[in-house]
Amino acid sequence: MKILLYNPNTSESITEKLYETAKLVVSSETTLIPKTAEKGFPYISTKVEAQITGTLVLEKLAKIHSQYDAIIIAAFGDPGLIPAKSLFNLPIIGLGEAAMLSACLFGKKFSIISFTNAMASWYEESVELLGLQSRYAGFRAIDGVNLTIDKIQSLQKKSLIESAKNAIKIDGGEVVIFAGAPLSGFKNIVQKEISVPVIDCAEAAAKQAELAVVMNKNTINKHKLPPKSSIGVDKNLSELISHKVDNGSK
Amino acid sequence: MKILLYNPNTSESITEKLYETAKLVVSSETTLIPKTAEKGFPYISTKVEAQITGTLVLEKLAKIHSQYDAIIIAAFGDPGLIPAKSLFNLPIIGLGEAAMLSACLFGKKFSIISFTNAMASWYEESVELLGLQSRYAGFRAIDGVNLTIDKIQSLQKKSLIESAKNAIKIDGGEVVIFAGAPLSGFKNIVQKEISVPVIDCAEAAAKQAELAVVMNKNTINKHKLPPKSSIGVDKNLSELISHKVDNGSK
Amino acid sequence: MKILLYNPNTSESITEKLYETAKLVVSSETTLIPKTAEKGFPYISTKVEAQITGTLVLEKLAKIHSQYDAIIIAAFGDPGLIPAKSLFNLPIIGLGEAAMLSACLFGKKFSIISFTNAMASWYEESVELLGLQSRYAGFRAIDGVNLTIDKIQSLQKKSLIESAKNAIKIDGGEVVIFAGAPLSGFKNIVQKEISVPVIDCAEAAAKQAELAVVMNKNTINKHKLPPKSSIGVDKNLSELISHKVDNGSK
Amino acid sequence: MKILLYNPNTSESITEKLYETAKLVVSSETTLIPKTAEKGFPYISTKVEAQITGTLVLEKLAKIHSQYDAIIIAAFGDPGLIPAKSLFNLPIIGLGEAAMLSACLFGKKFSIISFTNAMASWYEESVELLGLQSRYAGFRAIDGVNLTIDKIQSLQKKSLIESAKNAIKIDGGEVVIFAGAPLSGFKNIVQKEISVPVIDCAEAAAKQAELAVVMNKNTINKHKLPPKSSIGVDKNLSELISHKVDNGSK
Amino acid sequence: MKILLYNPNTSESITEKLYETAKLVVSSETTLIPKTAEKGFPYISTKVEAQITGTLVLEKLAKIHSQYDAIIIAAFGDPGLIPAKSLFNLPIIGLGEAAMLSACLFGKKFSIISFTNAMASWYEESVELLGLQSRYAGFRAIDGVNLTIDKIQSLQKKSLIESAKNAIKIDGGEVVIFAGAPLSGFKNIVQKEISVPVIDCAEAAAKQAELAVVMNKNTINKHKLPPKSSIGVDKNLSELISHKVDNGSK
Amino acid sequence: MKILLYNPNTSESITEKLYETAKLVVSSETTLIPKTAEKGFPYISTKVEAQITGTLVLEKLAKIHSQYDAIIIAAFGDPGLIPAKSLFNLPIIGLGEAAMLSACLFGKKFSIISFTNAMASWYEESVELLGLQSRYAGFRAIDGVNLTIDKIQSLQKKSLIESAKNAIKIDGGEVVIFAGAPLSGFKNIVQKEISVPVIDCAEAAAKQAELAVVMNKNTINKHKLPPKSSIGVDKNLSELISHKVDNGSK
């Protein structure tokens, strides 16, 4: 099966991190194809950026979706995920969605650890939209950190581990999610120092995508939405919405 | 004060309905300015369309926001509302948000009545995002109806009243919201036949916008979000996000 | 329109504070009439006092309601509000209700700040009755303070601002409500020092009352409750409940 | 121990029903003393009547509480219960509170059956205030019934049993509460025809009051509330609130 | 009436503590019979132990239930309680269930205090299964304590009182439950030093069992479950499940 | 990897159905080994049977767990799942848990369809324990059906499809789970006739187990629980609990 690992951030270095981590866990029958957004933000961190990126994701996927069996939207707040699921006739998996649903297998309550408090409110909205409030032990971030996305894992290792330990001890977290694409692969570095299971977002997304492709067999609900005309909407997307083109994979 | 009544649907006839209804309830000191979206869908009715429209709303408001004291996004599912609130330094009010918060003044539980079941899941997500589940008596729509948006009020009057009566009797609704821009003004036609208070979305939005402008005095939180660069994003919007231009009203 | 600003506390000084603040925000078409309770407590601060005051409010309003288009019950725990709404055929607005519903326009989660911990449990019951738990970031009060109601704003300014800042930073409050009639007007003094929108209860109540009057047009549900006889109940109230007199405004 | 069975309705016949049922279940060491309200309504059935009755209950109990070890407020919506609990230094038990907490011992979800839909919203507020929503299977009432309180049990037996059966089959009720003082004793008549445990409110209140007296031993928190002056409040109540008299039993 | 006080822990000393406390509060008409589990763990403190003990409880009760009018499962996490309630045709009361439902009579929010953090997650699952989350102020345990079950009350008195005081002041607990069989009787030692009502689990269980026996009169639902064959299941239990023997008391 | 598909029901025919379905979806690198319980019930359908089976599952797994990389407990109510997860140091996956978490990928709300109403309350407890209430559209079963487990799929096909259609149309289910081991494989027969994605429990469990094994790499928390002695507990289980033997896989 062919799975698109689509990074909706425009930073190539994040795509690489995601791909290096995810490719290690997929089955030998799976081809994982990384791709970086050409439009958008270097690193999405607000609801405004998520709104804008959500549309850019739909536009991009409208163009290329037919080449894949499943698509991962690889940013933790899952921009565009809910509409994409209803638009395309193939599994679409969000990085945050995958991480949180996977975490549920490993403990009653999961903690989300990130590198900036800016994300707290956005990520908590993801928890709410997933309906997982009662599995959620809380959010913790390292304080006063400049966003040098590429070096977070090396420079902030100690602070991130400290946050995870507080999440376990104080908040009662039984599983820890290091959230956000820039932290993919970090689990392999720190799992040994943390007493509960650590969830890696990239791993979770890749495995959930494989699961979804297999379980999606025989499901036929092409064009779930009625056709609709539009003005000034991206051509590929508009054609898809008006049912001029197909919405599934080849 | 100047309030923009922005209809994110591209149908002029809907804008007129909204404006005709809303202008009757604003204070004499308020100037209400209607405007119809140039890009988007004739009538937004899915989460895909809401996602796309949400970005179009941000783009449009980025261009014109500085001329107003408050802006109404006049579609019931409130496309772009949450990001717009964090981006612009002036009150942004959603049609659904206004209707539901107003309904809370008139009874413990409100029912939402619409003209198509297609909206049920989208509108319920609005209820969830507003955190008003415990005030919500449920959704009812008239069955098997073709969307002739302009004629719904006249052709479906009887069915809509019937739905409202069932919402009151069976679901326990103590207030009824006729939801969706095409039903603005419908309250004035049917209130006498319905035993509980009816909420008109356009009225609610106009009055909540006035309230917000007055209560917003002295509040200063310009550029609530840090500046961010972007690629391929609408020029006005991109300049706002990067703090090249101001995000408040004149 | 004529709106009664009814202070159910017996302290004239509180009525003045409420009126001075509220009169600045009403439309030029609105006449706001302040009135202080003749019976009751100088400052209501427990559920026992709220229970007793609730009945006193019904008694008073039974006597004078017909002169107004809407009535504000101007104490934060909203004594008598829910029964009054079902008894009188005109809009009744609570100070706490108005503040919390208004706060919802300005941010996802609101914090309530007061000058004494005694109110925590009573105010949280208001949040529950309004069904706004998921919008509520928590309660904070200044510690160890003697209730010199009249001087709280001047003497405790620093502590109250400190509490608000902690509510924002620690509890995640995105809007701050300074709760309780004695804090009306305080917003104008402190908004500049607080980074998120501040809600003033008196402003909120006045504007929500105006909104309710306008939106209540055409709503007819006179005597929502069936007639009932009683023994030993206040004469005006008893006549209203037994339908001997009208329950609406002139 | 001496327990006051206080019927806040003014109907002697209801008091008799309550007493006849409750006296059969108390321990031989318990003296149960019935008393009917002198002021109020023949049968409380709205939130307005509950508000007014709540104050009348406080006034009455302020006068006579010291003669008892516990007091039952014997109306299902528990008028005055929450303030009474914080005012008096002895156990105060509500009829609805007792029935619902007892029901929790007999099954996961309880249904509430009453003889009029008028009570639905009031009783559901009780469920909410008790925080028992997740134990609540729903409310059912018999339709189109005139309130001849005294004859409900004989005239409506069949309809009430039918409602209970629907509550079990359709709503998933695992325990049935026949709610409201006029239905006390009804359990003994109908239990054999209903396949799940039936809760009698009067029985529940009497036994919960005994339990509370025994478990309350050694608990000392006299005058939980600070002293407070008042104007125009009932003399006994006012003296209690201002700490001029004691708030416990002899 | 005969009530079995069944300690599913294998420690005789715990049974004695439970019995010494409970016997003081039962009515003179009640015979309370203590019994200690022969199989299981000295002191149950994990979900694994609760699972195993739950089955051992069913096995034991299958053998001896017919001699009693009600049975108390005297361990706080209530092992086997929910299945036992559906299997046996007589009241089965859990120690935790009884404590929490009783606590609801004494205040809005209860705090649970225990002697080890190990129980937090297990006890919170009890709160969830009882559906009492909104009455729950939180869990507190004393830190770094070795489990010398028998001496906890004497050695840890100061720390436990300190925990209770923090639960009241910081968490807003209005009632305090000292949880776990080893803390039965502790209330009598410490109530005077704690400003809110303290719930003793053994007292609560004994009184709730008495209440349940009386309220259970006339309730007939023998063999609530259909007969079922089995392999390798304890003989008494298997015969009960297959309806070869009766499931009620004599 | 080696995954044990453990059927805790004693019916071989159920094991075959589970295995025939699950083996088609696992990766070529996975060896799936079916095993039927030797002790227990032909088909678990009550909380009593789940309690007893839960212990039997722990006993069996204590003996054989070390030969596997993950274990599936293949009954929908997940008997023994929560304790097993805390006892064994390898992934343990429940049939119901896997189905519900997988369903979350395919739609906002899932409906559970089964062949008997007897399971409603037990399955809903699973939904609660998973914290997925807000993703749950409800339960539906076919009426008046004798449990001939082996022939349900062929004899009840029409009724089951009908239930699924009602779940979609009336309850708003966006994904349908055919619940219970006897319905494994049924998806392949009926998916084409159902307009939304159908979740097969056996498929879900197999894929979630694979996912868990891969994501569990490097996680080290051997013997999560402290050692504990016991009396009369199954030898293998007792040795595991007392840390005499290892709790992970080889």
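All chains are identified by letter, namely A, B, C, D, E and F, in their written order; residue positions are counted from 1 within each chain.
Operating definition for what follows: a residue touches a chain if its C-beta (ideal position, glycine included) is under 8 Å from a C-beta of that chain, and two chains touch if they have at least 3 such contacts.
None of these values were measured; they are calculated from a predicted model.
The fewest steps needed to get from subunit C to subunit F, moving only between touching chains, is 2.
Two copies of one chain, subunit A and subunit F, form a contact in which over half of the residue numbers belong to both partners.
With centres defined as mean CA coordinates, subunit F is found 30 Å away from subunit E.
Mean C-alpha position of subunit A lies 53 Å from that of subunit D.
Averaging C-alpha coordinates per chain places the centre of subunit D 44 Å away from that of subunit F. Residues of subunit F found to touch two or more other chains are 128, 134. Each chain pair that touches appears in this list: A-B, A-C, A-E, A-F, B-C, B-D, B-F, C-D, C-E, D-E, D-F, E-F. Per the touch definition, subunit E reaches subunit A in the complex via residues 120-121, 128.
Looking at the complex, you find that subunit E touches subunit D at residues 25, 27-29, 85, 91, 93, 97, 101-102, 104-107, 130-135, 187-188, 191-192, 195-200, 203-204, 207-208, 210-212, 214-216, 218-221. Interface of subunit D with subunit F (complex): residues 108, 134, 172, 174. Interface residues of subunit F facing subunit E in the complex, by the touch rule stated above, are 10, 38-42, 45-52, 54-56, 58, 80, 82-83, 86-87, 118, 125, 128-129, 225-226, 228-233, 237, 241.
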